[in-house]
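Contents: one structure, followed by commentary.
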Amino acid sequence: MSEKPGKPVAASAIDKHVYKVFPNDMNSHNTVFGGMIMAKCDRLALVVAERHSAHVCVTAAVDSIHFRAPAKGNDTLLFNLSLNRSWGSSMEIGARVEAENSYTGETRHILSAFFTFVALDENGRPVDVPPVIPETRDQVRRFESAEIRREGRLRTRDEISRANG
Amino acid sequence: MSEKPGKPVAASAIDKHVYKVFPNDMNSHNTVFGGMIMAKCDRLALVVAERHSAHVCVTAAVDSIHFRAPAKGNDTLLFNLSLNRSWGSSMEIGARVEAENSYTGETRHILSAFFTFVALDENGRPVDVPPVIPETRDQVRRFESAEIRREGRLRTRDEISRANG
Amino acid sequence: MSEKPGKPVAASAIDKHVYKVFPNDMNSHNTVFGGMIMAKCDRLALVVAERHSAHVCVTAAVDSIHFRAPAKGNDTLLFNLSLNRSWGSSMEIGARVEAENSYTGETRHILSAFFTFVALDENGRPVDVPPVIPETRDQVRRFESAEIRREGRLRTRDEISRANG
Amino acid sequence: MSEKPGKPVAASAIDKHVYKVFPNDMNSHNTVFGGMIMAKCDRLALVVAERHSAHVCVTAAVDSIHFRAPAKGNDTLLFNLSLNRSWGSSMEIGARVEAENSYTGETRHILSAFFTFVALDENGRPVDVPPVIPETRDQVRRFESAEIRREGRLRTRDEISRANG
Amino acid sequence: MSEKPGKPVAASAIDKHVYKVFPNDMNSHNTVFGGMIMAKCDRLALVVAERHSAHVCVTAAVDSIHFRAPAKGNDTLLFNLSLNRSWGSSMEIGARVEAENSYTGETRHILSAFFTFVALDENGRPVDVPPVIPETRDQVRRFESAEIRREGRLRTRDEISRANG
Amino acid sequence: MSEKPGKPVAASAIDKHVYKVFPNDMNSHNTVFGGMIMAKCDRLALVVAERHSAHVCVTAAVDSIHFRAPAKGNDTLLFNLSLNRSWGSSMEIGARVEAENSYTGETRHILSAFFTFVALDENGRPVDVPPVIPETRDQVRRFESAEIRREGRLRTRDEISRANG
């Protein structure tokens, strides 16, 4: 466990990051290209990880990306990202994307995803990051779910290794 | 279970799809932007899903994206994608990205990922797809791992639901 | 003066919108391309205008864009935009861009700009927007400066017309 | 006042620079994205400034961007830029964008803008540029309007400073 | 042979079209990506063809693209395009790209290419275009070389057909 | 003639490289932008040339690009490239692009083109490449046509020189 003082979730979070959809964001079915949304999440999650760790960070893994509903032309996407939990040098960052109709204020849930970043020191070796301090009820819930997800990932990996024995 | 005749993996697979890295593919650490690689995988996986199902398909989920090593300037990326398994209207497509040094022929493993696509009929409703026929030993292994991954995902989702009461 | 009820500045503002600079954002002098920053401001200001007016909006004018300092590779840009004042169908939106060093938290002032948007009805004709309610001291100061800027613009336009007689 | 010999406007001007609009230039209202037009003007104005000064130049300010009419799909944009006046190390460059219907030859006025660039020496410090020699009646008119705009800008800045006391 | 009145070369030509090279224009060897230059030539040649014919035009063929020298970072590319000759509904447009050092005014020859466009009527069928009137000595030389190139292309095509029996 | 051992065509070829068309690939007539297709061919041909020669390569020329039919929205482009022949340090690479309807498996011929690349040593000087070993009937046919095309190019160049004598 890192000896560094903890940092609250809010110190690195990104809230309601706005992206106005344009025609060149569309895929061949004329909904917003999901790959573009994933790429934007990754680029934003990098900022969360580097703010929290104060180190260069790299994406190690992405899990449980769920596309709930397609985003459409003229939607305004809202990206919300925050650090859920850290383990040594690695951090889980949750991303939630919504589509806002800017005329009515209505929003729809578009995508959820969980990114794992690793912090690196100046020699490119993993370096411990400060623990996260969850402060709100939602932050505590996410802090706990992160551990369940992590255990699920490790267990699935083991089962696949054994099956391929 | 779909009554449609099965299709072999090879009928829809993408093999050694080449992408020469250029400076505008770089992130702020001067390695290839991971979000761009994910987005390309998604765009290629769409072709695999639509070839197999002969229907319009949409990305439903992405799992277990692992970044093994950074890709660098002057690398040639090789994208390999194939259908691992299907369940009703949904299909798991595995992606494996390598970086080739085109001068020496050497390759390094960059990324693995698993995409779930759903096939839609002309009214936008899920429609059953043909079963996949795995033919090689690797294809059989991936067919079986897909089921383990799927069960792991469902189990983790249940555990998180229960934890959040 | 519009009869519509006023809306507070905060209801449409964009705060600390994050953009991680990548190598493909650079100009020929290897600082961040100013045109890209202006274009992003315009795309964000559109969201502010459409949120405030609940109408389709178009950029009518941009004034007093000042580049204070160049942004560099690896900076994280922070975009702050808010509605300063409205006159009938037109709205002045102020934009302030800072560059954050995500490792240290330090920020530098990069750019200020003032956008004028016009709200349109379903026939493409200008339509009155709600008055803005400035609530903080900064918002009141910006509300008043907006009027001075507007008068300055009109006076300069007149002087140039007269000079070109 | 610079001792350097003057240069005529024509030596650095850009005339009827052509840009064929494609679908990926559109905004969410399916007219040409204004931010893209501003960014192109900035990139072209840089060439005018560097040709005139024979030095590396940077954008210092942009003023009085007026969008006269939206550009549409299939339009051909025509960009016209020329140096209006210089003061020490700074130069005002006027930009005028028109939309041409290439089938009929008709043009519409889309946008006007005024860019201020500063020339830098090899240490990044401002360096005096040659005076501009206006030769045509239009060039003389623009030379004079540039001074009025500059005085208007300074006066407005003063008034805002005093108001914010 | 078209009965339409001829049009001079200058009525559709593009002269010294400026493009400032930025880092995201580079290929993996850090010179300007040739594919980008070809694509820009094609987009500009379309304007020349549509101006001359007053019809929708499509690229039919490209020949004799020669890369003379690589363009580098900080170069300003200059694109020159003009209509060399027409035959019924088809037109040969010559493109010549130079790289300007905007500080010294020096230019280098980068690329030459010849595009063949076809004009289409409102039903998408080829339609005759006005003859070109070459006025300068260079334009006459290009008018004549165009015929030699065309004959060479047809002869080579015949020889390959015969060889493949 | 190079003393290096020959390499079979298959060792460097690119087969059925997939590209799913998106709306931002369209030109002003809403078919796929031909310049984008040429640029992709160039980027892929570079990989073929560098694989064959094991050296840094540059595009020297492009010939006989023929657009057979427009590609449309929702098409999947298939790029096929292979080395036809080499002469000293230069190589002809043939490109053939088809459009696949991924739902039906149908394909249409979109474009053919011939790229000439030159291999460079570490000082940027041309260096001999291995001879190509054509193995299939099609590869032999292309090997022979390459020589005819080359002679045609040289003859046309001579004729134009003499005409401009």
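Labels for the chains are A, B, C, D, E and F, by order of writing; each one numbers its residues from 1.
Operating definition for what follows: contacts are C-beta pairs under 8 Å (C-beta built on N, C-alpha and C of every residue); 3 or more make two chains touch, one makes a residue touch a chain.
Since we're looking at a predicted model, the values are computed, not measured.
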{"item": "Shared chain contacts [subunit C and subunit E, defined touch]", "value": "B, D"}
{"item": "Fewest touching-chain hops separating subunit C from subunit F", "value": "2"}
{"item": "C-alpha-based rotation, subunit C on subunit D, 0 to 180 degrees, nearest 5", "value": "180"}
{"item": "Greatest separation from subunit F - chain, by CA centre", "value": "C"}
{"item": "Proportion of interface numbers common to subunit B and subunit F (over half same, under half different)", "value": "same"}
{"item": "Over-half contact-pair match to D-F, picked out of the listed pairs B-F, C-D or C-E", "value": "C-E"}
{"item": "Most distant chain from subunit E by Cα centroid", "value": "A"}
{"item": "Subunit E and subunit F: spacing of chain centres that average the CA atoms, whole Å", "value": "20"}
{"item": "Averaged-CA centre spacing for the pair subunit E and subunit D, given as whole angstrom", "value": "29"}
{"item": "Whole-Å gap separating subunit A and subunit D, where each centre is the average of the chain's CA atoms", "value": "41"}
{"item": "Per-residue multi-chain contacts in subunit A, two or more chains", "value": "20, 22-24, 27-28, 33, 43, 46, 56"}
{"item": "Interchain pairs in contact, sorted by label", "value": "A-B, A-C, A-D, A-F, B-C, B-E, B-F, C-D, C-E, D-E, D-F, E-F"}
{"item": "Residues of subunit B touching subunit A in the complex", "value": "27-29, 31, 33-36, 38-43, 46, 56, 58-67, 70, 113, 141, 144-145, 148-149, 152-153, 155-156, 159-160, 163-164"}
{"item": "Residue ranges of subunit C in contact with subunit A within the complex", "value": "14-15, 17-18, 20, 22, 43-44, 46-47, 50-51, 54-56, 76, 102-105"}
{"item": "For the subunit F and subunit D complex, residues of the former touching the latter", "value": "23-28, 30, 33"}
{"item": "Parts of subunit D lying in touch with subunit F, wherever the complex brings them together", "value": "20-24, 73-74"}
